[in-house]
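See the structures that follow.
Two complexes come next, and they have one chain in common, chain A, joined by chain B in the first and chain C in the second.
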Partner chain A sequence: MAIKRGRGVAAINYPTGMNLGGDPSQALVHSTPTGNFMVSLSSVDLGQGLRQVMSQICAETIGVPTEMVHIDTADTDTGPHCMGTFASRGTHRIGNAVRQAAEEARQVMLEVAAEELEVNASDLETDGTGNIQVKGAPQKSISIFDTALAAHFRRGRSISGRGMFLVQRSYPDTETGAMKPATCYAHACVVADVEVDDETGEVTVLSVKNVYEVGRALNPAMVEQQLVGGSWMGISHALYETTEPYYPDRSHGGTDFIHYLMPGPGDLAETETIVIERPAADGPYGAKGVGEMCANPQIPAVANAIFDAVGVRIDTMPITPERVLRALKAERGAVQSGAA
Partner chain B sequence: MEIRSEYFADERPETLHEIGQSRPRDDAPGHVTGKTGFFADRTFPDLLHLKMVRSPHHHALIKSIDTSEAERHPGVIRVITAKDVPHNLYTILILIQVGPEDETVLADKKVSWKGEAVVAVVATSERAAHEAAAKVKVDYEVLPAVFDMEEALKPGAPEVNPHHPGNYYEYDSGDHRKVRYGNIEEGFAMADHILEQTYSSSPIEQAPTETTGCIVAPEGNDRFTCYTNTQAMFFTLDNTSIILEMPGHKLHMVGGTVGGGFGGKVDVIVEPIAILAARLTGKPVSFIYSREEEMQISSPRAAEKIVIRDGVMNDGRLVARKVTGYTDAGAYSRHSPYGAQKGAAHYPGPYTVPNVWIDTYCVYTNRTPSSAMRGFGVTIADFALEVQMDKLARLIDMDPLEFRFINAYRDGDIKAHRQPTEGAALIECMQEASKVANWPVAEKYMAMSSAKREI
Partner chain C sequence: MARIPVQFTLNGQEKAEFIESGATLLNVLRDRMGDTSPKGGCQQGTCGACSVIIDGELRLSCLTLAETCEGATIETAGGLANGSELHPIQQAIVDGFATQCGFCAPGMVMAIKVLLDAKPAPSREDVVEAISGNVCRCTGYEPIIQAVLSVSRSNSQQAV
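Up next is the complex of A and B:
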């Protein structure tokens, strides 16, 4: 009886947005009289930080610092339709709607600035810090603050924009299954190192090396929080979680976090996260959805590492100590009877 | 975290100011100081509480319901049964034309899973609602139940749901979704080895910190404001409008920060009945799942069974992949027909295989309806696919990572569902994993590119 080490790999891809498309989201953007920008949505922030990412997309597009953008969301009276926050669609779908709305608002803003500066709007650019200037002649400029005031009180213009993003729905061919499930995919490859106690069947995940391709990391710190959390969830799925431990038998289902097990802080694997960016052709600044895919590859990587360690395959999730022990016993029984 | 910018550098030309910056989250100080508002932080002076009477049986006919004693219980304001729900039969995805309506808001004739909602009790305190719920008498005639997907699909199995004869979801392609590409039999005929393996999983709970719930306030203008932690505001509004036969303009959904969703709050379960309760009583109503309800009543990730049969050559090429997937929807559809279909679109994984045959089934059993969860339709598929890839590599005595390089999809490759691959990056992820994990592979694999095949 011993503690044995093993290593496993898995590689995956994951579609962005609802399968087969047909999932719209809208955004409205307007400026306040002093040149702050409000984004109106009905999208839901699940704690992952949707509002922050939408602020950055709007700010980048209009050409202002992120703190000048505020998000008003999750209210069906004030926000235009959003299909919802699921299917790794928030950043991609809603982000595209915000970008389109912000582009329209930016255009009005530049037109007002052009009137104030008596130049053509096409000759103007933003400096990213709150000013609009003539390309090649930055001394000729106007602040966005003054531009918004001018729009409101002199020019009678609404600096605002509408955004809508819809991937047309695809209908699978009934016989061949020909269809367009998604427009872009995120990718990952994970290597897991484990220890397996062949006396108790317990598996300890020592480390996971997670390489994720995310399109574009719009806010790297937030990408990291999602990827690390997802990695933990994947390990939890692989080794711990189920509401029906003896499925298809309905008994012994956990009803609280004492009987429904998940790894605690002491069970966390050493986690290394590497990001690669291949921008999606139709993503806002190239972003893909990564919320779901980041929790998937750890599961098979851990399963493969367990085989590498002790030579048994557990093809049923979750891979509990009980299942590992039963497989080891069956293996030993087979070896012994084979020898005899 | 490290960003490896050397990959695909020529595809990222723009100069950006705000994008790519780790700006501190605007909401983080609120979260860590307890100032962030959640739906349950709303308080109303005359708030009522709704508790559900649930089926103790996996499958049973409802012979009679007697609510008289519960109605007399101190603090009880209203007891709601199926006859009070204007459009009691519903299904969530009817909004995007995925029917049929197959689930009751409150059971009337029969229950098809242990925990199914039968009677709602509305009282002035949670305690009174619980106590009164215990006094509702439902007379059941227990029916045989089926829990195993294979058993459910056999002729003569108990019928879980009258809207799904045969216990499977009827797609326009028949009893399963199909993908057919190349010639699967020729693929197997040419293979050096064939490996068929079966993978399975049990249901998994989304386990959000904040349980599913809502608080509904009737407004003076005959509208209803519903403070909810749904993941989809208009999904909830539009389904509620259908179920309560109320025009949409009478409904106002207000969300906010949600304490974790993971797919568990995509169903429309608590809002319609809570809004109905508010309409019937004229008072604000709270309906919030207990942790036990979140664990065993709220839809989990479906259990799945996946059979993969592969044909592989000694040189590492996958030449045939046949997948049969079964998704255990439990008693009602919710989002499961969508999830099973998403699986069909996902196979054969991120690999280019010339001959593919995929069948995915959505099966009904007498258990808690399953629904959306992070990785919907794909998580268990990836477990099966990637364990299978490991077994195949070992079968032909090849390094598991190198085996994946040989089969990885690249730009321009036609997938089984007949779309050309664009924006692939599996190769580069594996190259980087090889480096970071010190898992060496032959130089020719490190020279590969997703953007084009080497000549």
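Up next is the complex of A and C:
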């Protein structure tokens, strides 16, 4: 009986969004009379930071500071259609819609500014701080505030734009079954080091080293936050969490956090996280979805590390001490009967 | 059922209310006093989202009867900020990206406050122990631990 160490590796290829029936999101952008921009969405920010990232995408596209963009989310009665915040789709799908809407609004804004400055709209650029100027002649400029006032009160224009992103549903080829289930994949690779006590069945994750390929990290601090938390959650899925009761009757199931286990702050594995940026061709500014895939690769990596440590393959989650012990017992029985 | 009077100090303000006997402090704070900072997560004392400070001690408001708080001094996350100026613990959590969905944060900051009030420069083990009763689903805890240690570092710099 001993504590044995093992190392496991896993790599994943994770689709952004889903398209089994199409996967649309729409966005509307309009300016207020003071030249701030409203983005109307039906999408929900559950805390992942959707509002922040959509502000950045809209601001970058129109050419204004993010403080000039307001995100109005989650009124599905009145907002433009969105399939929702799930399937790692928010940044990619909704971001593409916001970018398209913001491009259209920017074009109207530049047309109004061109009329005010008596120049051609194609000769104009934004300075990123709230002004529009003639390329190569920045002294000839107009603020976006004044442009919006002119649009609203003199020119009768609505500085607004419509955005739509739809991945068409892909049907399997009737001969081969081939289909294109997604247009954009994020990737990750994890190396997990574990200790397994072959007397108690207890597994301790010593460290996880994660590498994630995320397209482009539009907000690097928030991407890191998602990945660090997700890595913890992956370990939690691998070793701890289940709603299933031990006995085959639901009444034996857990009803609280005493039974629904998760690693606490004292159970943390040493965690390293590296982000690789490889911009996606169809992502807004190259972004892919990193919502869910951050918590996936740790599970096979931990299972592989357990196999490396004690030679048993466990294919049921979570990998509890009991499952490890039962697998070890079965393995020993097989070895002994094989020897006899 | 006859209502009973209860008086206590909530975040420095005198509060008086007639409550139903058996009402939890959590429900009285949220529904009767408009302080929705303590969250009802599990409602059975296992998640820590409802944590408040009663007479200097960390307590679970979902398991505390409001009528037992007569004359007590109660602090909640809702009273930490000074106007628009965040409490140093709150600021550290913002700066360290140590909250995501935010549901655990009001309980978490109260657990941290009790720790730092007693021990301005805690060890990592102290921090782990202090927040071990607060469940967080998003962050993986490490950013929270680092945020607390950053407050403790600035505390010790001020002390020098």
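Just so it is clear, the second predicted complex is superposed on the first by the 315 of 340 C-alpha atoms of A that agree within 3 Å, B and C clash if a C-alpha of one lies under 4 Å from a C-alpha of the other, contacts with A are read in each partner's own complex, and residues count from 1 in each chain.
By definition in this document, a contact is a pair of C-beta atoms (placed from the backbone, for glycine too) under 8 Å apart; a residue touches a chain by one contact, two chains touch by 3 or more.
Model, not experiment: these values are computed from the prediction.
Undergrad: Considering only the touch criterion stated at the top, classify A:G264 as touching first (chain B), second (chain C), both, or neither.
TA: After superposing on A, A:G264 lies in contact with chain C but is clear of chain B.
Undergrad: Which holds for A:G47: it touches chain B only (first), chain C only (second), both, or neither?
TA: both
Undergrad: Should A:A221 be classified as contacting the first partner (chain B), the second (chain C), both, or neither?
TA: Both partners, chain B and chain C.
Undergrad: Looking at A:F145, would you say it contacts chain B, chain C, both, or neither? Reply first, second, both or neither.
TA: neither
Undergrad: For A:H237, select first, second, both or neither according to whether it touches chain B, chain C, the two together, or no partner.
TA: A:H237 sits against chain B, while chain C stays out of touch.
Undergrad: With both structures fitted on chain A, tell me whether chain B or chain C touches more of chain A's residues.
TA: B
Undergrad: Examine A:T176 and indicate which partner it touches, taking first as chain B and second as chain C; both and neither are also allowed.
TA: A:T176 sits against chain B, while chain C stays out of touch.
Undergrad: Common interface residues of chain A with chain B and chain C?
TA: Shared contact residues on chain A (touching chain B in one complex, chain C in the other): 46-47, 49, 221-222, 224, 228, 230, 233, 256-257, 262.
Undergrad: Which of the residues in chain B come into contact with chain A in the complex?
TA: Interface residues on the chain B side: 1-5, 7-8, 11-12, 14, 16-27, 31, 58, 96, 114, 147-149, 171-174, 177-181, 197-205, 207, 230-235, 237, 251-263, 266, 291-292, 295-296, 300, 303, 328, 338, 341-342, 344-346, 349-350, 358, 365, 367-368, 372, 374-380, 382-387, 389-391, 400-401, 404, 408-409, 416-419, 422-426, 428-430, 432-433, 436-437, 439, 450.
Undergrad: Touching chain B in the complex: which residues of chain A?
TA: Against chain B, chain A makes touches at 7-15, 19-20, 22, 42-47, 49, 51-52, 55-57, 59-60, 63, 65-66, 73-77, 79, 81-87, 128, 169, 172, 174-182, 184-185, 187-191, 209, 211-213, 215-224, 227-228, 230, 233, 237-238, 241-245, 247-250, 253-257, 260, 262, 272-281, 285-286, 291-293, 295-297, 299-301, 303-304, 307, 313, 315-318.
Undergrad: Taking the touch rule as given, give the residues of chain A at its contact with chain C in the complex, in rising order.
TA: It is residues 46-49, 221-222, 224-226, 228-233, 256-258, 262, 264-266, 268, 271 of chain A that touch chain C.
Undergrad: Applying the document's contact rule, which stretches of chain C touch chain A when the two form their complex?
TA: 42, 44, 46-47, 97, 100-102, 127-129, 131-132, 135, 137-145
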